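What follows is subunit A paired twice: with subunit B in the first complex and subunit C in the second.
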Partner chain A sequence: MAPEDAARSSGLGQRLRMNLAAVYARASVRVKASFRERSWLLGETLFPFLAMSAFVLVYRGLRAPREYEGFVVLGGAMIAYWNNVIWGMASQFFWEREQGQLQLYLITPVSRMSILLGMALGGMAMTTTRAAAILTGGILLFHVSLPLERALPAFGLFLLTLGAAYSLGMILSSLFLLWGREVWHTATILQEPVYLLSGFYFPVSAMGVGIAIVGSILPVTLGLDGIRQVFYGPAAHGLLPVRWIPPIQIALTAIFLFVSAVSLRYMENLGKQEGRLTVRGD
Partner chain B sequence: MIVGPVKRLAQVLRTSAWLGWQVEANWAEPWIFLMYAIAKPLATTLILFFMVRVVSQGHANAETFRFIFIGNTFFLYVTEVLIGISWTVFRDREDYETLKYIYVAPVRLLPYLLGRAFTRVATATLGVLVALLFGRLVLGLTIGVPGTNWLLVVGAVLLGLLGVLWLGIILAGISLVVARHSMNLNEGLSGLFFLLCGAIFPLDVLPRWALHLSLLLPFTYWLELLRRMLTGRGFAASLGRYGDGDLWWILALATVGLCALALVWFRGCERIARERGLIDWKTNY
Partner chain C sequence: MRALQGVDLEVHRGECFGLLGPNGAGKSTLIKILTTLLLPTSGRALVVGYDVATEPFQVRRRINLVSGGDSSGYGVLTVRETLHLFSQFYGVPGPVARRREEELMEITGLRDKADARLSGLSTGMKQKLNFARGFMSDPEVIFLDEPTLGLDVEASRDVRAFIARWVRERPERTVLLTTHYMMEADELCGRVAIIDHGRILALDTPSALKRTLPEEAAFEFQVSATGQDLEPLLEITGVRSISHHAHPGTGAVELKVVVQEDDVIGEVLGRLKGLDRSVLHLTKMEPTLETVFIHHVGRGLTDEEAGNGA
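Presenting the complex of A and B:
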């Protein structure tokens, strides 16, 4: 190997190591923080379970078939991840800027995408405790049936869904980068209306094919629809045949990742030109 | 002699309400802000609408949805106002770092917080009104019966709202002495009330122990009273033994009790916060 090739290769290796270290560091902060703060752990597990329980009891009050309670429990677990995408990914750079940390990220020699990837992986790990509490509570307290023999394909679809959802979070993160207090309100508006559009508490097909297709731009919509179909078959009133969903999620992930990289670069440059990357209390 | 303090109180309430409005709403044009304010209640209404619709094969009907709709719509006051007041403490203390300046100004914290809550009350009221109109005009629900006394409905809403405000002050007191991330406990409390007071399902499907807890909450009686006034009959069989007058009394006594408790509790929390130097605490790590 020529000396310049060796130097290039070593430089590439060093960059890769540095970026992987950044991913690990950003992810580990989230994981450690979520277990260090007991009130968070309580707030992230017990309380979302209470809200989900209210919707289970709606179906129970309506004397709906039992699988509908399963729809709510699965939706409740998925809401945990969606909320993490909104509050832990999309609006994170806003919080970092408010705390004066954004500029520290920007002067480090690592890719912003590595920081976002670290946030995503840490966020997924952190949220899994919450989702697990919702699923376990749903199964134990409400006796919701989840056929475990179908858990493996459902888990595969779930992982693909998380990939696409957090990639969307990366796009939103770059869009939110320059915003002020509207971040707060926009994040809020991405909650209940998305719960509706994505059919978190009922089969999305109930809203009609047109609206359901629009809702499918959000990866959680199709992901949840597919997971329900895997567990409950035709009773899930699926929107699309389940075999279509994995390739769609993979395509969405690829598109969202590409768009997020472009968008992040653009918004960062715009922020630098307008001097808004260090503005606080906006 | 009383005019001076009352005038001063009104001035503080008015000014802090104006400040609250600026903090909450001046980031956008008013119509955009209003769109944001009504998105949540409309979305929740539609979620419940579709939930009822998908299982309506002979079990649920429009009447059932009407009860769910009314409970969910008025519960918006609880989520918005309850969380809003305690959130003000965290935002002022840690984000804007202005809470300490309230203490060096000639105003008391309690009326300041009540004034700040006005914006939340206003946005919640708007959300409730839009949701009611949506239910009436789009979903075709009948809101009110021939015998409905609308003045009494407004009175019942205000009485319940007073209870929510005082409970919000109790939570604000707690917020003064705890770290910012305890906010999720306040949000969780709102979720707990949502579950226990049967906002979106009949109380009778709750397990027995939860039903006992539910009967300790003033909001349980508040929602039942509103449902009776707007539909002409009750929703929860567990409250069937109470007449409308009983519900009024329970609600009024609970509100007075909450008010007394809130005044004592908040004063105690404020004293602890000042003794421990927590007024300019920053826990946003």
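Presenting the complex of A and C:
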């Protein structure tokens, strides 16, 4: 680095600026990719909407209360973000390694968490498009009711949920960093069980309190439960009182962020000891 | 198995230092340690005075790495965007980054492709881009691991010219170069280390290394591919070493023989005849880094390690 650049990145403020620039730069790759590869738009909006529609039609066929259709639409939107956590962020160090690019990130002076955050934020462009398509389609085609006056607290809870979910994703990324292929397979296998435990298409309390509490390790479970309660009140069959959920999500975010910082450093060092960070096909 | 054993070397600021060795010699392992990608099992490595194991942030701020044969970036990004992306991980201010993008695209011949997506670039272009990427942070120390690997002749020449110019214009910058190409090291490097099986076998300026060769002569033959094994040549008194490999163009065998005195070559010719090998071509080799390499390692860079029948 040239002295003029090095001087700029030596202090704490400069390090912060460098990391923010890295977040922005990495996010912009995703945003540009989203708009340049139009074919992704179809796969990310239409197909997930079809999956969500199937559940709505099942509930409609069973003459379930109309709120259940709202549960499905909200769950469908939340799945988009959970998928971005796993496949758009956590697994990305594995893909970068497979493409021989991981070392280019690892030799940079920026935090690994900044790179991951950039991937996450950039991925949200497409993810939000997908979630918006599901919500819009649900409202327009299935006449799902989402009371507008409750949108603000629901949105607040949604943001807290994202914070916790992406922090958990950073922990998972440290696993992908070292044990890429094995973790990839495990994540693929666990995808449907996670959908089930999170109650993406039904109130999580329907599985019983014990299983629902286990599922609440995943921030999307409680977040979705809370958002449904905000919109539909007692009809949402909430697991926990909604007022408990924001502090839990904040606590989970803090814990997950701390663990991810430790975990990323530990896994990177382990990889450096074992010489596995630059080996492809591992 | 140890990839490096007792490596002890110091590269001076402002130096272009070459590391020569065959595949598996330990060159890339050394570079990975110095670029903080690998931890040494023992010993200590400092880059610009900072310990690679305990002060990786300080090291990373000051270095960059180009691995030949690799490409960097994403298919959906353009050449210019890719260079800008990687500059941002080093805190290069926007205007400085944009100036460097233009300079590096000009120098590497990528100007015409500035707004082309990577997905549409040839392999050679992608490698040039990867090369330019390494210089976007204007590092104090640049590690070039086989930078011309896979490039065509013209592109390799451009890359070598760029490295020479970069070193000349920035006397405070340091280059550590690994290469398979002796001519590349001879042309660019102030000092060269020959490494094999994780050990440094020789270290000096290319001219000093050539001077250290004992009074012996090296001859290069092209002999027919068919015939008996060439190893009996080593039994001739006065033959120091031989190395051989198939010539890629003709299919003949390229044989290098180092002898104590010129007179011995007559007996070598006689023995080749006895081994049913026709001599197609014979030249006496002037001392080069390659002869230095053969002298120290016992084989050429492109030769198989041992016992290869030609």
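Here, the second predicted complex is superposed on the first by the 270 of 282 C-alpha atoms of A that agree within 3 Å, B and C clash if a C-alpha of one lies under 4 Å from a C-alpha of the other, contacts with A are read in each partner's own complex, and residues count from 1 in each chain.
The working rule: a residue touches a chain if its C-beta (ideal position, glycine included) is under 8 Å from a C-beta of that chain, and two chains touch if they have at least 3 such contacts.
Keep in mind the model is a prediction, meaning the values are calculated, not measured.
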Touch check for A:Tyr24: first (subunit B), second (subunit C), both, or neither? second
Does subunit B (first) or subunit C (second) touch A:Gly275, or do both, or does neither? second
Report for A:Gln101: first if it touches subunit B alone, second if subunit C alone, otherwise both or neither. second
Touch check for A:Arg36: first (subunit B), second (subunit C), both, or neither? second
First (subunit B), second (subunit C), both or neither: which does A:Ile189 touch? first
Which partner does A:Ala54 reach: the first (subunit B), the second (subunit C), both, or neither? first
Look at A:Leu140 in the shared chain and tell me whether it touches subunit B only, subunit C only, both, or neither; answer first, second, both or neither. neither
Once the two structures are fitted together, what part of subunit A is touched by subunit B and by subunit C alike? 37
Counting only contacts in the complex, subunit C reaches subunit A at residues 32, 35-39, 57, 60-65, 67, 70-74, 76-77, 81, 84-86, 88-93, 96, 117, 133, 137-140
Across the complex, what residues on subunit A touch subunit B? 37, 39-40, 42-44, 46-48, 50-51, 53-55, 57-65, 68, 98-99, 180-182, 185, 188-189, 191-193, 195-196, 199-203, 206-207, 237, 281
Residues of subunit B touching subunit A in the complex: 27-28, 33, 36, 39-40, 43-44, 46-48, 50-55, 59-60, 64, 68, 95-96, 179, 181-182, 184-185, 187-188, 191-192, 194-195, 199-202, 205-206, 284
Seen from subunit A, its contact residues with subunit C in the complex are 1-2, 4-6, 8-10, 14, 17-18, 21-22, 24-26, 28-29, 32-33, 36-37, 100-101, 103-110, 115, 269, 272-273, 275, 277-278
